[in-house]
Each structure stands twice: as C-alpha cells, then as structure tokens.
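There are two complexes below, and they share chain A, which is joined by chain B in the first and by chain C in the second.
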Partner chain A sequence: MKVTFPHMGNAWIVIQTLFESLNVEVVVPPFNSKRTLNLGTKLSPESACLPLKLNLGNYIEAANEGADTIVITGGIGPCRFGYYGEVERQILIDSGYNYEVVTLEPPDGSLLGLAKRIRFLAGTKNSWAKILMAMRFAYLKSVALDRVEDLIHAARPRLPNPALTEKLYEKAKEQLVQAMTEKKVKDTVAWVQESIRERQEGLNTESVKPLRIGIIGEIYTILDPFSSVGIEEELGRLGVEVDRSIYLSGWVGSHIFQGLAPGYRSIRSYSKHAKPFLPHFVGGHGIETVGAAVKFAREGYDGIIQVFPLSCMPEIVAASVLPKVQDAYKIPIMTLIVDEHTGHAGIQTRLEAYVDMLERARLLQESIQTREGVLSVGG
Partner chain B sequence: MLGDDKYFLGVDVGSVSTNIVLLGQDNTVKEALYLRTQGRPMQIIQEGIRLLRSKIGKSAEIIGVGTTGSARQLAATLLGADVIKNEITAHAVAASRVNPQVQTILEIGGQDSKIIILRDGVVSDFAMNTVCAAGTGSFLDQQASRLGIKIEEFGHLALEAKNPVRIAGRCSVFAESDMIHKQQLGHSLPDILAGLCQAMVRNYLNNVGKNKEIRGPIFFQGGVAANPGICKAFEEELGQSIIVPENYNVMGALGAAYLAQEKVGLRQDIRTQFRGLNLGDTQFQAKSFDCKGCANRCEVVEITQDGKSLARWGDRCGKWSVIGVPSPGTRGEESKEEQRGA
Partner chain C sequence: MRIGFPRALYYFDYFPFWAGFFHSLDIELVISPPTHRKIMDQGLKKASDETCLPLKLLAGHIQALENVDYIFLPRMVSIEADTYTCPKFLGIPESVLPAVPEGQSVLTVTLNWRNSKRQVLKDLEVLTEQLGKSKAEIRQAFNKGMEWQKKYQNTMGAEWDFEDSLNKVESASWDFTESNISNAPLTWKERMISKISLIGDKAEKQPHLAVGEKSDRLRIALVGHSYLTHESYANLNLLRKLHEKVDVELVQNVRQEDIEGHLSGLRKKIFWSHSKQIFGAGNKYAEDQRVDGIIYLTCFGCGTDSIIQELVSRKAREKHKPYMLITLDEHSGEAGLVTRLEAFLDMVERRRVHEGYVSTYGECLDSDSNAL
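And now, the complex of A and B:
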C-alpha cells in the first residue's frame, strides 16, 4: 500500500510525518502547480470548486509515482468538500485510475467506523498507543509549522530582502520535515525566531509600523498559497503584516480532535464574535469568516481580505454579511474570488490598490494628528 | 522662460489605449496624447515619446515619470519611471487633484471597469469588474463596427432615441443577440443604441457598483466617458448629475504624473530615473521563455535595449527577476543608490 493525499499548503509535512512514524509508505504528490490544476480541471465538472480540481490533479500526479490509496478528510456540513472524497473516487474510477479511497470523517454517532478506517491505514503492526503517539507528534509539528508561518508573516514586512526571508521560510520547512523528535521541532521554531532577530539587528525597527491585514475566508484557499495566488507573500512584499483566521493546527484541533486540543490560533471564539451578524451555521467556515472579521476589526487591524474559490456557498453567505461588519467597525473589507482562470495581474492590481488605500488613509490620519498636536501646543 | 520648462510625465498603458500626459509645474496639462495600443505597447510608447519630443521645445526637461495601467511595469522599464502605480490609485489621485470634493469615480476603460469611492479625498472603497468584460469599451467598439457606425457617433445617435428598447446587458453575447432581435423587429437604430447604453449602465451598477454608496460629486472617466449616451443613462439611473472632467480619457496618466510629482518634485534629494527623450530612437526587444525550474513553468519575459538586458519578470519565485529591475511593488533601494552614485 502506498498512501497519498491532497495538498493543502503545508499540510503535507504533517501528514507525511504521521504516516512515516507509523511506517506506512507515503507518496507526497508534486506541489500544486499549473500542471496539477490543468490535469485536475480536465477531469472535473466545470462548476466544482477549485479544491476539487487541485485534489484530482494531485492524485493523478501521485499515481504516476506509484500511489494506490488516497486519504482525504470528509465533512458533514452543507459544504461540498464533505463529499469530495466520494466524488473523487468515482471520477477516478471513470478515468481508469485504480485507487482505494479512505475518507476520514468526524465521528458521527459511533467511533467504530473511523477506528476501522484508521486501522486499515495503519496496518496490523501498529498498536493503538503507537497510533495515538504518532498523532500527537504530528499535531505538535503542525503547531510548530503554524508558529513558523506566523513568524514569517511578521518578518516579511520588516526584513529588507524579501528573497532571503522566503529562503529562511523554505529552510525552516525543510528542517521541520526532517525533525522526528520533539526537541528538534522546538529547536527549529527557536532557530527561526533567532534568525529573524539577527537580521533585524542594526535596522531601525522602531519606526517601522507595518499595516496589518487579516486574511479570512475558505480554509483551503487561504491555507494554500498556490490557490490564493500567493497573496500573503505579495502583501508582505508590499510592506504589510498579515494574519489569518485559520491555521492548520487550529483547524485540526477543532475538527479532528473535536476541540480537545486548541491548536495554533484557536478558532473557538469565532462563533461568539460572529453571532450579532451571523447566528446560524451556514456550512464550511462561513461563521469563522464572519467571526474572524469581527475579531480582526476589534483588534484594530487596518484591513481585511476575504478569499474563497468561485461558487463556494458558505463564503458567499459570509460575503453578503461582511458589508455589515465593514459598516459597524469602519474597516475596509475586500473580497477576492479565485478559480482556475484567476490571473496574477488582476490580483496584483487589487492588492496594490488596496494597500495604497490603507496607506493613504493612514498618512492622512497622521498628518491630521500632528497638526492637532501642533495646535494643542500652540493653544 | 528657462526653468518653467520642466514637466512631469505620466504614462498609462492599457489594453486599448496608451495615454501620455505632460504635467507642468503649475499643475496645468501641457500635452495629452491618446494613442491606440493595438497590442504593441512597446512600439506605441516609443512612438508616443517621439511625438512628444516633436511637440515640446528643445529646452524642455522631464523631472519625474510615473507609469500606470496593465503594462505599467513594461512602461516603467522602457522609460525609467520613478513611480509605478496601479490604475485605481492613479485614477483616484487625478480626480481628487482636479476636484478635491469628488466622492465617487465611475471609470470604464477598454477591458475593465471600476468604481472608486472617495471620502475626504482618500479612497475608502473600490471594485473592479471580475470575470466579465460585458459593458466595457471593447464591447461598444465591436457593436459600433457591427452596426457600421463610428464609435464617436454612437453616443450622439443614442441621444436621439425616443423609446429606448430593453436589452439584456448581463452578458455581451446575449446582449448582441438581443440587439439583433430588436433590429429584426424594426426598431430604430437610436432606440437600440440608447437601450444598449441603459443595459450597460445597469450591468455596471449591479456588478462593480454593488454595495457601494454612490454620492456626488460623481466623476465619470475613462474612454467610454466620451459617449454622451452612457452619461445620460448614468444620470437617469442614479438620479444625480455626472461630471466628465476635461481630461477624462487620460486621467490615469494624469494621476501617474501627479504621483511622480509627489515622489520626485517635492523633494530635493531624489532625481528622476527617466532615461531620456531620445529613447524613441533605440531598439527595444522583448523575448519570452518557459522556465523549466519547476512545474509552474512560468513564462518569463525579458526586455532588452540594443541587445542589453534591461529587466525580466513573470516568474513566481524571483529567480529571474532579481537580476534586472525588481518586479512590481519591490523597487528596491539598490537601483536608487546606483542612480545616485552614477
């Protein structure tokens, strides 16, 4: 058995770790690329959302490397992703790929079904204790990964050479892939922190107050830089510090561990924040999107950008609520919709214009304040 | 009058038109060129510079350059720009400099349309058309030529309409078949044209204008603002008057010139990177290749001048673009240092 799985940003590092610590042979598909998307788009119904197209592309590319079993998470809400495991299985059969598909769903009533599937993947040699240990370690790694990612978010607008910052990020990810002990994982996070501090030495960091933008929206597109056309990196290059509503371990914590582990940037508080604007579950992460927008606004962020794949129903509901948040907190919210036709130039123009808008507003605010300062001194 | 002969150059290279504005130090527009891009941006920029040189005196000096539009990076490389800005900022800056009270800008260009909301002279919200080009200049161009009329006559004919017909404007393909249907039924040409104007305006307001609070004064700019039929349809639909500014068709370029003025003109320590008015006579070449470094297969573009590499872009990872001029948004300090050192 050779297990593969769909890509979603850095998730591969965690999934690979999980299977490798259980001695299950795993094929990491080639990273999401134009080729992946082209392969997947050919097999997908046109109206399906971007994640389905990329998933299928991943499986085909992984099949070329010998994978024969797919693991994918399922879901039980109105979001279509919940049944993509089954849809993908049938599409793959129709296209002549001989894949076994294992859908890991949140326990719905009985744990037995889930346990059976995990047992199937882990084989007979691993004890349940070992499986739980492996899951715990993979989870720790994913928290570390998220911390590294957030450190990079902060470093991008502050360090002078964007290419070197990206290199640091790549190197940190490589180290985390290799790390198989808790100490190594912790050391990597510390090393990234230290490297950033070193590079900041001699820079006048006091005067740099980057704009802060919160990224919200559909989980796959915001976690996967290929899908979001790299907007986090792009914003960083434009001098913006970004934060995100959902990180991988936060999602894993609430989704897979049913809230037993909070993960990085727990998503638990979002429904409370969303309540005045959206009190109902609308599927996917609609509530989290609205709740995170409220939270970012309250924390004094300069702007919020919502990203989702074309035709994503939960996010469309959220998008129609967001103007109310925008009015209530006087914070500009921009929505970007991505699909296989998304061009880099269009996104670039919008991001630049959006950042200009926030910057010019801040300059105006500052000039008014200094004038008032002068006046108060004079009076 | 020596010393008065200094100008800021603003260049807006869009899909349909390439606009060049020469802005005097007293904020008057000295020259405004509106040229068709015709899919050859490099040649048209050079042609524009040659044209400009023939129009201004020998003593004229360019003291700042700004570029905008979808080919802003290309234009910046050719000209040596001091500021590279997106179209939205450029249009907003131009409008608020012309009239600081402006609260809404409607802009319809060749292939895109946008709405910009300003409050107290600062952009507070904006939107661009996303997936569809229905209701932009190119569609009007195409329909005018199909009906055998000049685009310049389009609006005036529409104004003669007595009973504008109702046309589905959501999609340009359906709009066209709807128009043909109305023609076959025997409706007059002005009625059909006026109907098309109304459909375009409805489509614009439902798409880019969605959720936007449109307050006056309203500026209407971009090439399509030349069409009085569209202006009238906007006024009827919004119930407010529309102002078409004097330089409506080159507002992007004007904004770029103002931005260059902000950046270079008001400071003594920065000198322009403009590469000179004689660049119209040199040979620029563009070539592209697929990078095979990873599965993304980025199409990398390289611009050369007389065989010397000026810039590269198009790669996602920055492997190629770091060699030449930095990619958009990252005009680093290095190039400026070199300039000063030289």
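And now, the complex of A and C:
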C-alpha cells in the first residue's frame, strides 16, 4: 500500500511526517503546478470548486509515482468539501485509476468506524499508543511550521533582500521535513528567529512601520500559495506585513482533534467576534471569515483581503455580510476570487492598486494632522 | 398584523408549513407577486454578485413586498435529521439584509430539525414576543403547519403546478377548519393574482395522466431544485414548454421510499436534503424504463449541484439514458433554451424509433460521450 494525499500549502510536511513515523509508505504528490491543475480540471465537474480540481490533479500525478490509496478528511458539511472523498473516488474509478479512498471521519457518527479506517491505514504493526504519539508529533510540527510561516510574514516587509527571505523560508521548511525529534523541531524555529535577528542587525527596524493586511477566506486558497497566486509573498514584496485568519495547525486542532488542541492562532474566538454580523454557522469557514475580519479590524489592521474559490458557498455568504463589517469599522475589504483561469498579472495589479490605496489613506491621515497644526497656529 | 413572505427559495417547498403556521396564529400572510422582470432587476441590484440566481430572486422579492409589518426570512438550517440545507440558506437573513428596504422590520426564526422536534418548538417560541402570541398558540400553530405540509407532500406534486397543489391543500383545509374566509392566509388580491396567472396554464393543459399510465408521448424527467423547476420566470417557462410536448416527471413525484431506496452505490450519505431528493429521484429515473430522458436543471454557481449533477450524470450514462444539463443564470436567453430543448427531444424521439440501433461511428470520440 502506498498512501497519497492532496496538497494544501505546507500540509504535506505534516502528513508525510505522520505516515513516516508509522512506517507507512507515503507518496508526496508533485507540488501544485499548472500541470496539476490542467490534469485535474479535465476530470472535474466544470462548476466544482478549485480545490477539487487541484486534488484530482494531485492524485493523478501521485498515481504515476505508484500511489494506490488516498487519504482525505471529510465532515458532514454543509460545505462541499465533505463530499469530496466520494465524488473523487467515483471520478477516479471511471477514469481508470484504481484508487482506494479512505476518508478520515467517523462514518455516520461511528467512532469505531473511524478507528477501523485508521487501523487500515496504519497496518497491524502499530499500536494505538504509537499512532497517538505520531499524531502528537505531527501536530507539534504543524505548530512549528506555522510559527516559522508567521515569522516570515513579519520578516518579508522588514528585511532588505526579498529573495534571501524566501531562501530562509525554504531552508526552514527543509529542516522541518527532516526533523524527527521534538528538539530538532524547536531548534529550527529558534534558528529562523536567530537568522532574522542577524540579518536585522544594523538596520533601523524601529522606524519601519509596514502596512498590515489581514488575509481571510476559504482555508484551502489561503493556505495554498499556488491557488492564491502567492498573494502573501506578493504583499510582502510590496512592503506589507500579512497575517492570516487560519493557520494549518489551527485547522488541524479544530477539524481533526475536534477542538482538543488549539493550534497556532486558535480559531475558537472567531464565532464570538462574528456574532453581531453572522450569528449562525454557515459551513466551511464562513463564520471564521467574518469573525476574523472583525478581529483584524479591531486590532487596527490597515486592510483585509478575502480570498476564496469561485462559487464557494460559505464564503459567498461571508462576502455578502462583509460590507457591514467594512462600514462598521471603516476598514477597506477586498475580495479576490480564484479559479483555474486566474492569472498572476491580474492579481498583482489588483494587489498593487489596493496597497497604493492603503498607503494613500495613511499619507492623507498624516497630512491632515499637519494641516491642523498650521491652522491652529493661524487661528 | 401583516407578514410578508417572499415568493422565492423556500417558498416552493416549505410554504405550506408556514402558511398553516401563520394561519393558525390568525396572522395575515402577504406573498410577493410571481417573479417578473422588475423583481429580477431589483434583485440583481441588491444581491451579492457572486451568489446564485435563486438568492438574487429572493432579494428582488423582498423589495417587492410592500405595506407589511414584517418580512419573514426564516433560517432553515435543516428540515430532517442528519442533513442540512444549502449553506446559503443558513446565511439567511444576514446575507440578504442589504435588499431589505430601510426601516422595514425583519422577522426571523431558526428552524433546525437535526436535533429533535423539541428543539424546533423551542426555537419557534422565540416568535412569541414579536407576534404577541402565547407558547401554547405557537405549539398549536406548529402542529397546524406540519399538518398542511404533510397534506402538500402527500399530493406528491400530483397537481403538477406548485400553486395548484397549494390551492388544493388550502381548500381541503377550509373544510377542516371553521375559520371564515377573511382569515385566509393569502390576501384576496394575492389570490386573484395567482388565479389569473394560472388561467393560461389551465387552458392549454393536456389531460393529465396519472403516474404509471401508458401514453405515446415521451416521458421526460426534470430534476433539479424546486425553486428552479417551479420558478417559471427564471427557467423561461421550461416546465410548460416541456409539458406541451411530453409528459413530465418531477422530483416531487417520487415517493420518499423510492428516494431512500435509490441512494445506494454511495459510500457516504448525501448531507444536503434537497440534493438527496434530487440524487434519489435522478437515480430512480435513470433506472426507470418508462422514462425516456432526463433533464437536469441547475443554476450557475450552485455548489451542491456541481457535485450532485456529476453523480446523476454518471448514473444516467451507466444506464444509457439520454441526459441534458441546463444551467440557468440571469442572462439565460429563451431562443437558446428552446433550441437545446428541441434538439434533445428530437434525439430522444429518434432513439426511440431506432431502438438504439444507431451507427457507432464516432462513438468513442471522447471518454464522456454517451455511447448508446
């Protein structure tokens, strides 16, 4: 049995770790690329959302490397993602790929069923204690990954050479892939902090106050740089510090561990923040999107960008509520919708225009202050 | 007190429940007129761009309601155990609030059948304050609503037109209750409008054949959300156009047992109630020898249909059933629809004549072609 799984940003590092520590053979599909998307789009229903198309592309590319079992998480909606496993299975069978699909969820609410599925994946050699240990370690790694990612978010606008910052990020990820002990994981985070500190030496970082933009929206598109056309890197290069509503470990904590582990940047508080605008869950991360927008606005962010795949149902509900948040907190919110036709240049143009607008707002504020000063002298 | 009920979305399935509910509470229910151009235009202006046609229509109908104390926008989270409605239903009323005219109050209540009946009753009690009714009255109204809904569902769309079924349910309920006409859940004006719009239908209507009866006419199944198949303005009168030429089967005509029986072959239960009905019915029609073809009616951007349509089309392909997908949006043109419809019906007709003995030339042009 060779297990594979769909890509979602850095999630592959965590999933690979999980299976490798259980001695299960795992095939990491080639990274999301134009080719992946083209392969997936051919097989997908045309109006399905972007993640499904990328998933299918991942499976086909993984099949070429010998994978025969797919692991995916599930859930009972009402977001479409909950039904991905079954639809993907049928599509793959009809297209001649002989895949076994294991959906990690309690089937019809039966925990025994979930245990059986885990057992099927882990084989007979692993004890439950070992499985739990492996899950814990994978979780710790995902938290470390998120910390590194957030450090990079802050480093991008502040450090002079963007290419070097990306290199640092890649190197840190590489180290995390290889780290198989808790100490090594912690050391990597410390190493990233240290490298950033070193490179900051001699720079006058105190005076730099980059614009801050919160990125909210559908989890796949905000976690996966390929589908959001590298929006975070792009913003970083434009001198903006970004933060995100959901990080991988936050999602793992709430979705897989059912809220037992908070993860990096817990998503628990969001529904409280969202309450005045959207008091009921709408599936997916609709309520988290609204809640995060409120939270970012309250924390004094300069702008908020919502990203979601075309026709995403929960995010559409969130998007129709967000204008109220925008009015209430006087914060500009931009919505970016991505699909298989999204072009890099189009997104880049919109981001530049948006950042320009935020910068102007800031300049304007400063100039108003000086004028007040002049008038007070005159009057 | 007058409460406005938009003729959109949940109107086409769950109106009987709410009609019974408010009727029992002695509250006048005003329904927005059938969709017309202005309603659609108003809806397009106020609704979010990305949302689907039915929600845009809902936004239009909200604006068409005038002189009412409240506009009723329930949040129908779930209508049976283990399922949800579409996420966009869950976002009502917040997502359509921009369409509500300024100063107009909105009445909302959460209806969630996932847990238990007790929970539903508890949720409905929220209304006591706003409506000035007692808990006992709400309880009674709930029962009345359920009774009406059941009556409607028992007709199984036999009256073929939603408004027709509704009228029938209503008149049956008249004999049942001693209430006088002035308590009608629909206003008089409203009744007249719905009557007028039906006269045209009735004049042209062919004698309706009961399910199972033999006829020379083709039998085409139209599957899709009720708020599309019955929304005659948005679907460009598709139902009537079809009915002029062929016998039509709808999702509503399928018995619940049949639907449950045709959910096999799925490893995971479908968790959207509407989609479950559609898939079950589509699957049944795909197997049904008396049905000559299936038309799936969807609208652009429908999330649940993007998945379910794929599953139904697979079933149809498996059973070699002619299958067509029609996607509606606010730009749908009538000529395009008619052309496709005629071509489809011609194909089905020809297939029937030739009994499937058609040249195999070009059969395997692509993996998706529906080889006979």
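Assume the second predicted complex is superposed on the first by the 365 of 379 C-alpha atoms of A that agree within 3 Å, B and C clash if a C-alpha of one lies under 4 Å from a C-alpha of the other, contacts with A are read in each partner's own complex, and residues count from 1 in each chain.
Going forward, a contact is a pair of C-beta atoms (placed from the backbone, for glycine too) under 8 Å apart; a residue touches a chain by one contact, two chains touch by 3 or more.
Keep in mind it's a predicted model, so treat the numbers as computed, not measured.
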Following the overlay on chain A, give me a clash-or-fit verdict for chain B and chain C. fit
So, does A:210 touch the first partner chain B, the second partner chain C, both, or neither? neither
Across chain A, the partner (chain B or chain C) reaching more residues is C
In the overlaid three-chain picture, which partner chain does A:337 touch, first (chain B) or second (chain C), both, or neither? both
Could you say whether A:82 touches chain B, chain C, both of them, or neither, answering first, second, both or neither? second
Partner chain in contact with A:314 - chain B first, chain C second, else both or neither: second
Figure out whether A:74 sits in contact with chain B (first) or chain C (second), or with both, or with neither. second
Does chain B (first) or chain C (second) touch A:163, or do both, or does neither? first
Can you pull out the angle centred on chain A between the C-alpha centres of chain B and chain C, to the nearest 10°? 80
First (chain B), second (chain C), both or neither touched by A:113: neither
Quick check on the superposed pair: does A:323 touch chain B, chain C, both, or neither? Answer first, second, both or neither. both
Once superposed, chain B sits from chain C at a minimum Cα distance (Å) of 6
Please write out, lowest number first, the residues of chain A touched by both chain B and chain C across the two complexes. 323, 337
Under the definition above, what is the set of chain C residues touching chain A in their complex? 47-48, 50-51, 75, 77, 82, 84-88, 90-91, 94-98, 110, 266-272, 300-307, 309-311, 314, 327, 367
Show me the residue ranges of chain A that touch chain B in the complex, using the header's touch definition. 30-31, 33-36, 160, 162-163, 166, 230, 234, 237-238, 323, 332, 337, 341, 345-346, 348-350, 352-354, 356-357, 360-361, 364
Using the touch definition from the top, list the residues of chain A that touch chain C in their complex. 45-49, 74, 76-80, 82-83, 85-87, 89-91, 94-95, 103, 107-108, 277-284, 286, 310-314, 316-321, 323-324, 337
Contact set on chain B toward chain A in their complex: 70, 85-89, 120-126, 128, 130-131, 211, 294-297, 316-318, 322, 328-330, 333
